[in-house]
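Okay, so chain A shows up in both of these, paired with chain B first and chain C after.
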Partner chain A sequence: MEAEIKKICHQSGCKILEGGSCLESIDVTKDECPHFYADSQNDDVKDENSNDQTKQSTSIKLFTGRELSFNETSIITNRYDSKLIAIVGESKSGKTTLLAEYYINLQKQPIKEYYFAGSMTQTGFEERCFYATVGSKAKKPDTGRTQSREFSFLHLALKHKDELDKEPTHFLISDIWGERFREAKGSTALMQELTILKAADFVLFIIDGEKIATKATRALTIEEAKTFIQKALDENIFDSNTNLKVAVSKWDFLHSDSSFDFADKIKRVFKERFESRLGKIEFTKLAARSENASLEAGYGLYELLKSWKTENINERISDTPEIKQSSSRAFYKYSLPNA
Partner chain B sequence: MNTNRILFAGMYDSGKTTFIAALWAYVNSDKKDKHLKLNTLANSENEYLDMIRAEWLQCKKVTRTNLNKTENVKMNLLNESNSENVILEIPDISGELFSNHFQTREWTSEYDSLVNQINGILLFINPNDKKNRTNFIADSLEIEKELGGTPENNENVNFATWSEEQTSNQVKLVETLQFIEARKDIVTPIKVSVMVSRWDLIEEKECPSPEKWLQTNMPLLYQYLKCNTNYFKPSYFGVSAQGCDYDNQDDVDKMLEVEPFERPFIRLENEVIKDLTAPIIWLTEK
Partner chain C sequence: MNKNKISEWHTLSKFSIQNETLDKRQDSIENITQRTEVKFWLDIVRLYIGISVNGKNITDFISAFSGVDDTFPLTKNEKLLKVLAGMVLMSKMELATDSNSNNDDESEEEKAEAETNAPKEEEDENEDVEHGEIAIVISNALVNSIYFGQYKLDSKVPVIETAKAYLGNYSFNQRTSEIDEHEDSLNETANRLSEEEDKLDSSEEETLVKTTQALIKENKLLSEEVNVLWWLFGEYSELAEKYFNEIEDHVMVIIGAKELYDLSQFNSELPAARHILRKAIKASNGNGAKQTSLKLCIDSLSRTLKDKILESNTNSIDILTPCLYALKNSDTKDWQKSIGFSAEEKLNHNGLAMQFYKEIIFINSTN
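Right, the complex of A and B next:
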């Protein structure tokens, strides 16, 4: 008798098996949901006749390759020290494109001295990179919109070329629907749902450079960015442990624009207002894909990666005595009461 | 007696079966000073091996009859240097299976057992396969720009839908190795002979070393291998199991005039050798 494989949802909070609807509104009957699958711990999958001695081929489940939910990141954090990076920014600001471009660059060559050492989420990367490939039939590189309302994470392991015999650095980089951030800046309840940001080793706050380049939306875009950070600080989502990097994306739109002073309008203003309440605040310009001939594609990506790779998290945490860690292992670090 | 189970991994049409056919012909041949030679045909099912060898000897493209079936190949050989009996167990697996693993994210318990028993991996790559790496639009646009073309936008584009089939071979091969690493208890690194097949076509043109070829043409896989020497110990070989392109009748006619064991060759870092067993010997050395 053929065993009926009963699938379960591995995403926390999803009520699909309790007669509710899928958390992400996915039709699970079409095998489209990355979280809805059988696993070896699911006792219900065992065939009632499994005691018979007939040698039958059974399937061994392999890792899904898709993006990981916060709970699923334990498959990495239980094994390795990891760095959790939360990318924050409104829809279409370039969060997913940044992720995709790191993986695209590694498919062509190392990112300067950083070598690809593996990824448990290659399928997740492949999907996100698809509209940048000739196979998608797109005429210019694009990125599909992230639909997930929950934080999901992509995994990337990298090694320095001179340290190939050492353990790689494991990055877990978030990807989430930008609308969550737009909503959270105006709602205490929604902001407090973003507790994962408290666990992040690095928070990258992306401001859409294309919107800054348009004079009609420039002031609004900058004000909204300030509002988000202010709200996150006032709701204790950001605090003196937060290592924040403010990035203006799509810098190719601003590269030749003399009417915008990055040092004055972004660096000075954000520093004056927020520096004293944060662990660290830094600034950068990014152009993951450049349409400006005078600015190379991938501008700023290497420097950003290098800062994540080289900064020692433990040193940073030891500077803030109010955080007591029982272990340096990421498993403990990422265990959140409300995650 | 040493039993060595070797996994021949690689995508469809990467040269796995042709190599097995050439290897069977080679160990059976009368060539002097072979490192590995046939020990005995006793207690072995050699029908499949003889069938693919027959095609190879006639310079015909070696084909698998059943893409879904794994042919269990066993060779009982003798290592001439130490007179040790070497049993090679080489399941001839269709390249489709490796793509299926990537797509379905599962494999059978039989395959899982095999993975847990292997001593080494021969990882085959067809250098002419256009799917070895992904074509990115940005790179095409660069070329187009140099030719004076004007970039178009994405309005009115009928986008294709993503599926696992669109994934490049280098990503799938990295995943194959990651699956093995995830399922196998690796105490000492597994040796991986990276076999860039159809090397005669590369040797004619540019002649980099096989390692350099991989670094240039499949950089993601190369980086992965460089970074994971605690799990996988790679060595790089260019292999021409056929000796020439069978679509070129003049080359085939020339090839039919030489001893079959003289046809194939292996490109090492700095030299070309006629010993087809070199990648196997390296894998089985302690």
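Right, the complex of A and C next:
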């Protein structure tokens, strides 16, 4: 009689066996879930009964192409110089859409001079793009939501058209779950868990342009963004090394709105309050999936990518070191910097 | 080396590291830091700046980490090795700095325990000197090798800035005499002897010895200053056997650097070197061009002058001293292709002269 093979889900956080639903809403009875397979420990028990000599699990973790955990990013970071980008913002502000659009655009053609040069997380990108494809049968392009509390990273390698013979630039991009962002605003403990923001070379802070376009939610949306940045500064998650870019997403909602002055309401306000405490603060407008005919789709994506690609994040070397010592000898007083 | 710094540099370099691994890395870094072979450290510099390097030194370096950590990646680890090399270099410079300041801080204690601990002190002093010398070699190699921007320093470990600061402090300390500090003690001793007609006690004898040492150093300082000032005043090059205004400014870039080094009494950069070289180049025969290039300078130099500048250092010159390396290879066919950077890049005369000067100091300090 054939023994029943016990299956379990190997994806952390999935409650399918505890009577909950699949984390990714997949019907596991149709063998479609890549995480739901035979329990290797169960195999071991069976093996032990039949053959005491076999003790070890024979399961091998196959390459999935999904998002990487911070530990798993070592397959990139141990070998290559890489740029870590953390994207933060409220739920549905457009964080994942931004990533999905980069991937979708790169599948069609280079983004101006930047060519797709590989990714270790193509499945992760595909999952985020699924609802923007015909196959999803969605009425209009949408994006899967980031649902994990753990930091996960998508990998994207790009080459400049004039440097195709050189190493690509490797990006590790983490879009932080919107719910986590919301909770961290009001909690010191949860804010301090966002250590990834400290390690990031670039932090992209996305403010939902659709909410700003609605006058009833405009002030609150901007205020909440300021609250988060202030809290991050107070908890030393942001500091003088932080390279922050504040982006207003869904700019197509604001493009024709004369009542909103980006330079005054966003740039001036955020600069005045935070510039002195951050390494750098810059501003941009994005419309990854523009629904406004007068604004091209993918508005702002190229400039953002270019700034990440070109900006040097490593040790900055000054031409002339400061001369700190002072001497009473006239011969050395002659040694003035930059003379 | 501070564990928090190691942790921070790992994080900034995007390496995930657990506490247990961090402890092992710290131990490995500290073990490597104790090494005192110049060739080993120059290979670590090469590893850090991205020059392809293999051999026992690199194997030893990797083994120091992998030997205590089973999870240490042995392949596809190029970036990790570079960052760890940076940390090790920082650790060595830090150790040398600490050794120097400990020497200053502990001078009073050493006086008190002079007799009982004499042999041990001697050993410690030798060790400290070695760390200091290695740190100078490391700092010079780091600062010199990257001049043409030919290496991608993809690290957030502030190695180059630390090396520059170390060189600056070293030069300053070498050229600071403590003669003023001993003046009051000497006056007191002189007054006492005139009244008591007694012998010198041990502390007075020590002050006398230290004052004499300070006088010798002061004499060297003055000698260096006077020689350099006379060189500038006389406007005559002994190497070229010509007055400055008879020498092309492209040639003066290299000759000036060599002659200034020859006039120095110490193995570190003169604090005013940039300005002295500027004055020498200004007095030479320029055609008004504000910029030059390495190729132009080298091509303007006669064979005899090249030999005088390279002297007996030819064998030690490699790509860690890019200008001298180009000069050494300049008689070979296609030498420009072999140096790894463009020799035709337009550069400021003074900046290039300083680079030659620093390289000459470095190459002489390793021999």
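Just a few scattered comments:
The criterion applied here is as follows: the second predicted complex is superposed on the first by the 252 of 339 C-alpha atoms of A that agree within 3 Å, B and C clash if a C-alpha of one lies under 4 Å from a C-alpha of the other, contacts with A are read in each partner's own complex, and residues count from 1 in each chain.
The rule is simple: a residue touches a chain if its C-beta (ideal position, glycine included) is under 8 Å from a C-beta of that chain, and two chains touch if they have at least 3 such contacts.
What you see is a predicted model; the values in this text were computed from it and never measured.
In the superposition on chain A, A:Lys198 contacts chain C only, with no contact to chain B.
With both complexes superposed, B is the one of chain B and chain C in contact with more chain A residues. Legend: residue contacts after superposition of the two complexes on their common chain; A:Ser240 is shown touching neither chain B nor chain C. Of the two partner chains placed by the overlay, only chain B lies in contact with A:Gly65; chain C stays clear of it.
Of the two partner chains, neither chain B nor chain C is touched by A:Gln230. With both structures placed on the common chain, the touch criterion links A:Thr77 to chain C but leaves chain B unconnected.
Shared contact residues on chain A (touching chain B in one structure, chain C in the other): none found. Of all the residues in chain C, the ones that touch chain A in their complex are 11-16, 73, 76-80, 146, 152-161, 164-165, 168-169, 172, 175-176, 221, 225, 228-229, 271-276, 278. For chain A in complex with chain C, the residues that touch the partner chain are 70-71, 73-75, 77-82, 84, 172, 195, 198-199, 313-315, 317-318, 321, 323-325, 327, 329, 331-332, 334-336, 339. For chain A in complex with chain B, the touching residues are 57-65, 104, 106-110, 115-118, 120, 122-123, 126-127, 129-142, 157, 159, 164-165, 168, 289, 297. Across the interface of their complex, chain A is touched by residues 101-102, 105-112, 133-141, 151-154, 157-160, 162, 164, 166-168, 170-171, 174-175, 178-179, 182-183, 219-220, 223-224, 226-229 of chain B.
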